[in-house]
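Take a look at these structures.
Below are two complexes that have subunit A in common, paired first with subunit B and then with subunit C.
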Partner chain A sequence: MPKNPIETLENLLRPASKPGLVGIWMDEHKLVDAAQKVRESGVKNFNAISPFPLHGIDDAMGIPRSFIPWVTFVMGLTGCSLGVLFTWWASAVDWPLIIGGKPMWSLAAFIPVIFELTILFAALSSVAALFFLAGLPKIDPVIIDPDLTSHKFALFVPEGVEGYNRQELEQLFKEMGADEVRSAEF
Partner chain B sequence: MEIKVEKPNPWTASVRLKSVFSSFMFIGLISLVFALFDDKTRAWHAYLIGLFYFTSLALGGLFFASIQHLTNAGWSVNIRRITESLTAFLPWAAGLTVIFVLGNFNMDFQVYDWFNKDIIAKDGLLQHKEAYLNPTFFIIRTVIFFGLWLFLCKKIIGNSIKQDESGDVSLTHKAVPLSIAFLGVFALSYSLYSVDTLMSLEAHWFSTIFGVYCFAGLFQSTLAVIILIIGHLLKKGIINKYVNENHLHDMGKFLFAFTVFWAYIAFSQYMLIWYSNLPEETIFFEPRQSGTWLYVSFSLILFKFIVPFFALLPKWAKRNISHLSAVCILLLVMQFVDLFWLVYPNIKKNHEFMFGFQEVGVFLGFLGLFMYSVAKFLSSHPVVPYRDPRIHESMDHHVVY
Partner chain C sequence: MLKRSPLVTGNKTYKDVTDDICELIERPPGMAFMGLFLSVKGLFVFYLVVLACIVYTGMGLMGVNHPVGWGTDIITFVFWIGIGHAGTLISAVLFLFRQKWRTSIARTAEAMTVFAVMTAGLFPILHTGRPWLAYWLLPYPNQRGPLWVNFRSPLVWDVFAVSTYATVSIVFWYVGLVPDFATVRDRAKNKIRKKIYGALSLGWRGTARDWNHYEMVYMLLAGLSTPLVLSVHSIVSFDFAVAQLPGWHTTIFPPYFVAGAIFSGFGMVVTLMSIVRHLVPKFKDYITIDHMEVMCKIIMVTGLMVGYAYASEFFIAWYSGSSYEQYVFVNRAFGPYGWSYWIMVSCNVIIPQLFWFKKFRTTIPLMFVISIFVNIGMWFERYVITVTSLHRDFLPTNWGLFKMTFFDLGALFGSFGMFFLLFLLYLRLVPAVSIAEVKPVLFVGKDREGHH
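Moving on, here comes the complex of A and B:
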């Protein structure tokens, strides 16, 4: 019997979770300081979970700049070139028509088309790149603590990443004022 | 809870800066006198470029300050005084406009065809437009515009300066209705002002987007001047505690956005005229795409849009003051070229390309006077409105992207 296609899709979009150690804070400033300390202790690839964007978290966690601007730029240029190519091919090569006595290849008339294609390519591929980078869409993501979407802030270090040492991390989280330190899946 | 922000160190113009603007003013005056003896038409056209350029900058400073009040913006508080300083030229602009109008009542010469009864008598279209385009109504309009601008300018800027002494929070609230009033007045009056002073040089021609085109140039060049002044004050170490690279980043984004906006408006105007190809509309572009003017037109596309577009695109470019200043200087030069391109092909009737000491000299004169008035304003008031209630937002300003 064939599987329910919706269920198959859901399984595909359900993220795999990893076990690890989580520290939960009630104050976002403490979390940023803790993230800085975790990075300095040599841990790579850990997550911060917050209900809103935190100023300075990128620097604290040492997150390099996203490559999405490059996707936007390159795809914008691609859209622009395709626009030029398409309007030229359609109006001057494949089906030449004289409109208003203008030359077949009239750049001024085609700039709106070229502009729109530039924006379309740049915008859609930026969104696609964002979805790809963020692993979206996610169905039934693992929830460490439901309050992480309202007033709590967490750091999650998956087991076995570079620099992972359970005792030391637990110690560090407590020193940095974590309200809760425990094992979790994320 | 009120946390005190220190009063910034006072800024004074260095001897070098003072000698620069005094010599500019001197050069301007000499050039204007010589130009008037040489060729009156050309001299007054050169004068018009300088007048429109710097009147626009003065209004642009007030426009920027007004939108910050209107949107209750916190990030821009630390640079608001710099934008306000541009308005110091506005009273000078009013005086220089009087000279311009008086100069044009000369019997043997007028910049505008519709000032001349003989030309109107022979021209049906000008007779048709005479109800609006006539010297009396022009003077009435100009007086109303400058009256409103100066009044609202005095109110808004005076309000801001009063707060430096009293620290009164209610002054911040009072600025909002004043800013709304100015923005309403500005939208209408600047559009009509640009039609009166620039578009009517070729009185047969009309373009409904012309006011927006002039506004695009105004805002682009205003942002460029503000960034240059920020750069100067940072170099002198006056505002380093108040303005960081995040403010520059936001100003850079503004500059980038309005570079694109200018191109968008300029292209919209061109494309519709090109497409419909009506003689009464194409008379504007016809001289501008022949002879030397063609190269000037291309230089606008290249240096007022394409080069600054790519130069302002990366993140680092907007956070680096020396790079940003270089782009700003380019844009300010191109704003001059833009006005030159709008004004000069109208010199009757051969549309000849002319560029010489008159244009450069007279423009430098205006530049000198503008620098003088802005420097005077900045040296007599604190360069940061340090008692604005929103200042903490600006002190900690941080942008992620």
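Moving on, here comes the complex of A and C:
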């Protein structure tokens, strides 16, 4: 039976959550050190949640540099080429009209339009790439603690990922000064 | 060693920052705000009536006629577009230069950009006289045979520049807002607020991987906005410079317009920030006197730059040996519109020089008054450029005067109603200081272990 398309879309945007162990810190520097330790202990695919980007977390967790600049570059070039093609086709092919004695293919006069299209394509596709990679928009995502967008910082290790050992992780979180360690869904 | 002054005062913790900034959204407005809001709303309703009259009756209600075919609409369009530029300068250019002081004012400055561009965008559409056909400005497949817009025309460049600028500014602003909307969502006790801000936040949760991409995109958008903002006012200046009219046809126009735009934009930022500091005393810890002082310095410097441009225009008029060009400039300063020229020079070049004195850079009421003069002066700059060049060109048979009507003034003053209405709504509905961006700079200029 075909499903309601709005329902299908909703289900697509509703992220599935997994059970796991969470440690919550009040001091972000302790969290970054803890993330480093968790990674060294061999755990893969764990998450850090913070109200603002943390200095050094990428190195601690081994997150590679974002590849979005390539999207920007390629889409910028696409915008530029489409601009060149379109201004040329409209002014020199489809509707050749002499204006101000300029040549049909007056590239210099088309540069402003081409430039703006380059910027527009590059900017919008970078944002689209961000949305895609961050899984936005999400409908009603599970939130571990509402203060994680204000003044608390968390590490979340989903159950069953490579290197997951609940006792050891709990021990490690406490040693690294976590203010709260508990089970959670994320 | 020179000390860095703290960017945020009052020894805030992260929670204090969240509370201070979100509080404004969560409590009902006070009397001062409501008073201002209702008067601005009144002005906005008046604006709507004026626009309705002009659209219904036609452009004849406004002062434009032969030979001055570009009047209040074009002047005010350039004025508002210029205002927007300081917002992008603060949010994008200063970001690329790692100027951390920008963080607490970037959000509001960029809101100003978005609203100024929206206000500006209406004017060329109104100026066409048939706003319901505004889509003719865009190249779209149509059934009138092969028929495309003229890509060699600066007016078409302007359509592309302004619409791209509006789109990218709104997107940049919104991307910056996403984590802050998530903060408001997570604090919300009210169910409806939670739903609305939840939708606006797009379900943002702030994982390290999300932030990794987010920061990259933020930097890319800053990098793309920077050439964009320079191109937009250059292209606006092409509307004039590409025409063959003495007084318009000069190569200095693009840099001159960009400098003027930054000058007028910072004037408006100082005006708005003074109002925000007054309406929301808590924000004095975030928008400090140091911030205001830096902006006053920028106003002073860019004021000197536009002063240089005015002088060099005169020099080139003399040096070019073109009698038409020379006549335009003598006429500009001493002709029938000489008064507007001298208003422009005093407001833009002379009055901002008061910022050489520290007292003027650090006293809010004084800088507020000067910023109003800057706003007035920059409107008159566009008036001078547009009207004095058009009203007397090559042939004395084409000479005439431009007289503003009630509807010109109504559209001009009414547009402030629209701008301030949007701005005041923004102040109450959106976190007016970037929560996620201020937290990392909280300890700049302070000693605290582990921070740098």
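Everything below uses one rule, namely that the second predicted complex is superposed on the first by the 174 of 186 C-alpha atoms of A that agree within 3 Å, B and C clash if a C-alpha of one lies under 4 Å from a C-alpha of the other, contacts with A are read in each partner's own complex, and residues count from 1 in each chain.
By definition in this document, a contact is a pair of C-beta atoms (placed from the backbone, for glycine too) under 8 Å apart; a residue touches a chain by one contact, two chains touch by 3 or more.
This structure is a prediction, so every number in the text was calculated from the model and none was measured.
Aligning the shared subunit A places subunit B and subunit C in steric conflict. Within the superposed three-chain model, A:55 lies in touch with subunit B and with subunit C [touch as defined at top]. By the touch criterion defined above, A:69 reaches both subunit B and subunit C.
Measured by the number of subunit A residues touched, the leading partner among subunit B and subunit C is C.
In the superposed pair of complexes, A:94 makes contact with subunit C only, with no contact to subunit B.
Once chain A of one complex is fitted onto chain A of the other, the partner contacts of A:110 are limited to subunit C, with no touch recorded for subunit B. Contacts of A:133 after superposition: subunit C is touched, whereas subunit B is not reached. After superposing the two complexes on chain A, the stretch of subunit B that clashes with subunit C is 200-208, out of 38-46, 146-154 or 200-208.
The intersection of subunit A residues touching subunit B with those touching subunit C, taken from the two complexes, comprises 53, 55, 58, 65, 69, 100, 109, 112. Against subunit B, the residues of subunit A that register as touching in their complex are 53, 55-56, 58, 65, 69, 73, 100-101, 108-109, 111-112.
Against subunit A, the residues of subunit B that register as touching in their complex are 267, 270-271, 274-275, 277, 313, 315, 398, 400. Only residues 13-15, 18, 139, 146-154, 156-157, 160-161, 164, 167-168, 171-172, 175, 178-179, 182-183, 185-187, 198-199, 202-217, 220-221, 224-225, 227-228, 231, 235, 238, 435-437, 439-440, 450 of subunit C touch subunit A when the two sit together in their complex. On subunit A, the positions that touch subunit C within their shared complex are 13, 15, 29, 35, 47-55, 57-58, 61, 63, 65-66, 68-69, 72, 86-87, 90-91, 94-95, 97, 99-100, 102, 106, 109-110, 112-113, 115-117, 119-120, 122-124, 126-127, 129-131, 133-141, 143, 146-151.
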